[in-house]
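Next up: some structures, all given as structure tokens.
Shared between the two complexes below is subunit A, which pairs with subunit B and subunit C, respectively.
Let's turn to the complex of A and B:
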């Protein structure tokens, strides 16, 4: 075995360890009663976390369901708006293009805590504060810069070369969109949808401010346990958080494959 | 179907690229648009296909104006220089793409696609992905896809420029054969005068946004209307002189011509000046060996002449030789 392959193996092992070991710790914590330093294994096991989540009295599963739906809506809108914005920025010339380009990255430059106040006031005036629609809007504000960035890059890479070709071969604009544009952009669409989904799903602060406690998401339920130090329940919530996101990503990929008939795996080969 | 371009003007960012270009291509003809890069030949092609909207002018196909039609309704298919095969489709699906757009069912369109793959000698590769075939095969696939669309006008934008010479020659023969077989009116954009001469029925020479000469290949080569066109088709010798009473006179050659009196330049191609074995006044200054032929440069006072001769060992630098002008091949340009 040469040095290069040893180094590669070491790199992969480090990567697996750094990703998996925290997950293993969380998994073990979620069913532990007491686990104090310096013991390697928990002293006692407990189903307290499992009961809290699946017992039915906390309502965690209903919140998980509605939270997934809310984040999927955010992902859908983010991808539609982001893709169209990216297309306009890459393929068309118009007045104020640079300004809009700069505007799309503003939410990254300004911290959420700062613009939350302004957005809150605006949403109160519009009557959207404390509603799910308001929360969706504020999640979109967070997710869009990333989606636009990803879609701008992939749109620029493809340009409109293939669309021109399809056009002269007799494809109508609608046929071009379904047969050429969407399949070309598919990798970008998957990653930006996943990005938007996870940004929305893990959003705590903005959901709390704009939702005002009326809109309960999984993150809003989970964070108090993390802060209070009830590790068993916090770990159980974290496990559900990770697994549900993973399932959503797999579904994204499968759905996309079915639409695009693309054989190559993007996340999961 | 025949194609007419009438006074087409195209501008990009306030700069006029095509200056009132007119061109008529008769049914079943193969016409080359020949010119240096940046002369507007690709722009004209895209304008015909509807990818560029002209400021003025009209495109008429089969007697009907298509100026207001979008690209997909024009029946003009472009094979681009970069081929633009769809990377997510395999070879037969690429060729079947235009048929799918026409709503032909899967079985029928794959059957037709495979027929066209056979025509371009790609049978057996139908299921291959685009990244699993060579550059030459991609070229054939792009041509097959364009033909499968059954276009009224086939437009080719330097489609062979990325191939090496042998493959390019194969593709030219294939194109000519298929063009004749299918009888498709074709416009080919190229910057290679040899390619244009080899395969076209007629050539339109374009310089800086204008068609400077549009003629059959032979007339173009033998009687270019100006020095620019003549130079584009290869090396030439120019001799300054005057026509007086029907005779061209210069320091080194005189011959009868049917021209009005005045100052002229006489052009001789390198093959129209013949080296003779007698000793003479011309000094052999340079020999460029090119295999079977070589280019030699002769000097007489301040006149330099370029000749193309069959290679032979008796050619010696510095030797004094004489020449004969084949005056029947002389072309005169008025100064």
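Let's turn to the complex of A and C:
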């Protein structure tokens, strides 16, 4: 019994180590100057990476800002559309339900590059290629299956019995929404918004092809540095990418929770 | 009453429109793969592009490496991910701080994971340096080259790092649910934790596990980033090859790109068929739950 739990602890430790150690390596690389073979620690430290990102001349911070805004828009739309779809799929019977269900899983089952190149030509015709709107639409398509899955699970688990009961007891639809529906869906709303945000924020290929260099996201801006072999700069970009997502998540989770608890606030209305 | 009947249609309208755009995009690509691009003066349907692809040995190798990388990385991710999730759920850690660590790889993009792999597993990487320090290897060259090779080890490592936590995260709520409801019932009746897990929780989680596997498999099949940053010059994976043809200065190469996509599409189509077969099986199984 004891041996078993030590073994399990070891496994968990290994897992935590393999997740966190690459982050430490990146963090060290991002501030290292010379780090030649076979040194295990860098020979000198340098602020080259920090200057490149925060020095103002590379424009990295502007791109980061607009990138965050773009992904927040995707997350917002994804959560709204996802919640609507989940309600329809769980609480109603209607014609074409199976078709809609099938449509919502297609984007995770059909390879991304097939979709990207196919839809690119269509978006050119619609005048949406090379625009932020076009990029937001394709990001939405990629994020929605996950959001719908999360929201469907939570809507199904929660059902609408409590809502009906509240209605029977005389609550107005708006009261039901803010006091019954939203609080119960809140964990799902937070995780699906985070999921959609990160799907959009990390999208490289789709943004590259649909944005056509016109819509520059942080993810697109970063990749040439990853390719170039300049590990210090590449690591600095990666650090900023990871930290910015973490900050957005924390702020986001706090804000949403606050709104959820605040009875006078309306998350959707 | 009328309003109630309309409600579901209004609720699904946005997702239906987006699905239509998605499907139109796929169909558009497929039409082009049969050599129909009126704007380029191509109007006669033909299988020529597919036939030419199957005649080029390097493209057959592309199909091979694409499938190999996807299958190996997704199987490994599914098995390790289920184990991780099981440990988290049975030890009660699924509600603890460790879930924050499980989420970390989900929020790190594949491009950054590629950088991790380069920094750790390249011949001048950290692992080689540690082994050198320990005297286990004598030079950079004696460390096996894991990146940019045709066995795709670097890409597979990167996918596993990224997808194990995804699988665990995808399963954790289902598994925790089953193990607290039915699992605890079984434990109250005297079954051990692990016995309960294997006989009750795992079989009931199977549909979710299959879902998770299919998601990571289909993703790695059509992903561009990792093979682009960590892949060999030859053979290239199908998405890379397709994008090279797509961005070829000669627009007449576009049908080749679309035909390569057509092959990827066909592979994923087969998966979808299997998926529904698999799901139906489960429905059948659940009908006769008593084992």
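The criterion applied here is as follows: the second predicted complex is superposed on the first by the 252 of 269 C-alpha atoms of A that agree within 3 Å, B and C clash if a C-alpha of one lies under 4 Å from a C-alpha of the other, contacts with A are read in each partner's own complex, and residues count from 1 in each chain.
Just so it is clear, a contact is a pair of C-beta atoms (placed from the backbone, for glycine too) under 8 Å apart; a residue touches a chain by one contact, two chains touch by 3 or more.
The structure displayed is predicted, hence computed values, not measured ones.
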item: Room on subunit A for both subunit B and subunit C (clash or fit); value: fit
item: Chain touching more of subunit A, residue-wise (subunit B, subunit C); value: C
item: Touched partner set for A:3, first subunit B, second subunit C, both or neither; value: neither
item: First (subunit B), second (subunit C), both or neither touched by A:113; value: second
item: Which of subunit B and subunit C A:40 touches, first, second, both or neither; value: second
item: Which of subunit B and subunit C A:242 touches, first, second, both or neither; value: second
item: Touched partner set for A:87, first subunit B, second subunit C, both or neither; value: second
item: Superposed arrangement, angle subtended at the Cα centre of subunit A by subunit B and subunit C, nearest 10 degrees; value: 90
item: First, second, both or neither for A:198, with subunit B first and subunit C second; value: second
item: Distance of closest approach, subunit C and subunit B, by C-alpha atoms in Å; value: 8
item: Where subunit A meets both subunit C and subunit B, residue numbers; value: none
item: Contact footprint of subunit A on subunit B as seen in their complex; value: 49-51, 70-72, 74-78, 80, 82, 84, 86-88, 97-98, 100-102, 145-146, 149, 155
item: Residue numbers on subunit A that touch subunit C, as the complex places them; value: 5, 8, 11-12, 15-16, 18-20, 22-23, 25-26, 29, 37-40, 81, 84-85, 87-89, 91-94, 97, 100, 103-104, 106-115, 117-122, 137, 140-141, 144, 148, 153, 157, 194-195, 198, 201-202, 204-205, 209, 219, 222-223, 226-227, 231, 234-235, 238, 241-242, 245-246, 249
item: Subunit C to subunit A touching residues, read off their complex; value: 7-9, 11-12, 14-16, 18-19, 21-30, 32, 84, 87, 91, 93, 98, 101-102, 104-116, 118-120, 124, 126, 128-130, 132-133, 140, 161, 165, 173-174, 177, 214-215, 218-219, 221-225, 229, 238-239, 242-243, 246, 257-258, 261, 264-265, 267-268, 271-272, 275
item: Contact footprint of subunit B on subunit A as seen in their complex; value: 161-162, 164-173, 175, 179-180, 183-184, 260-262
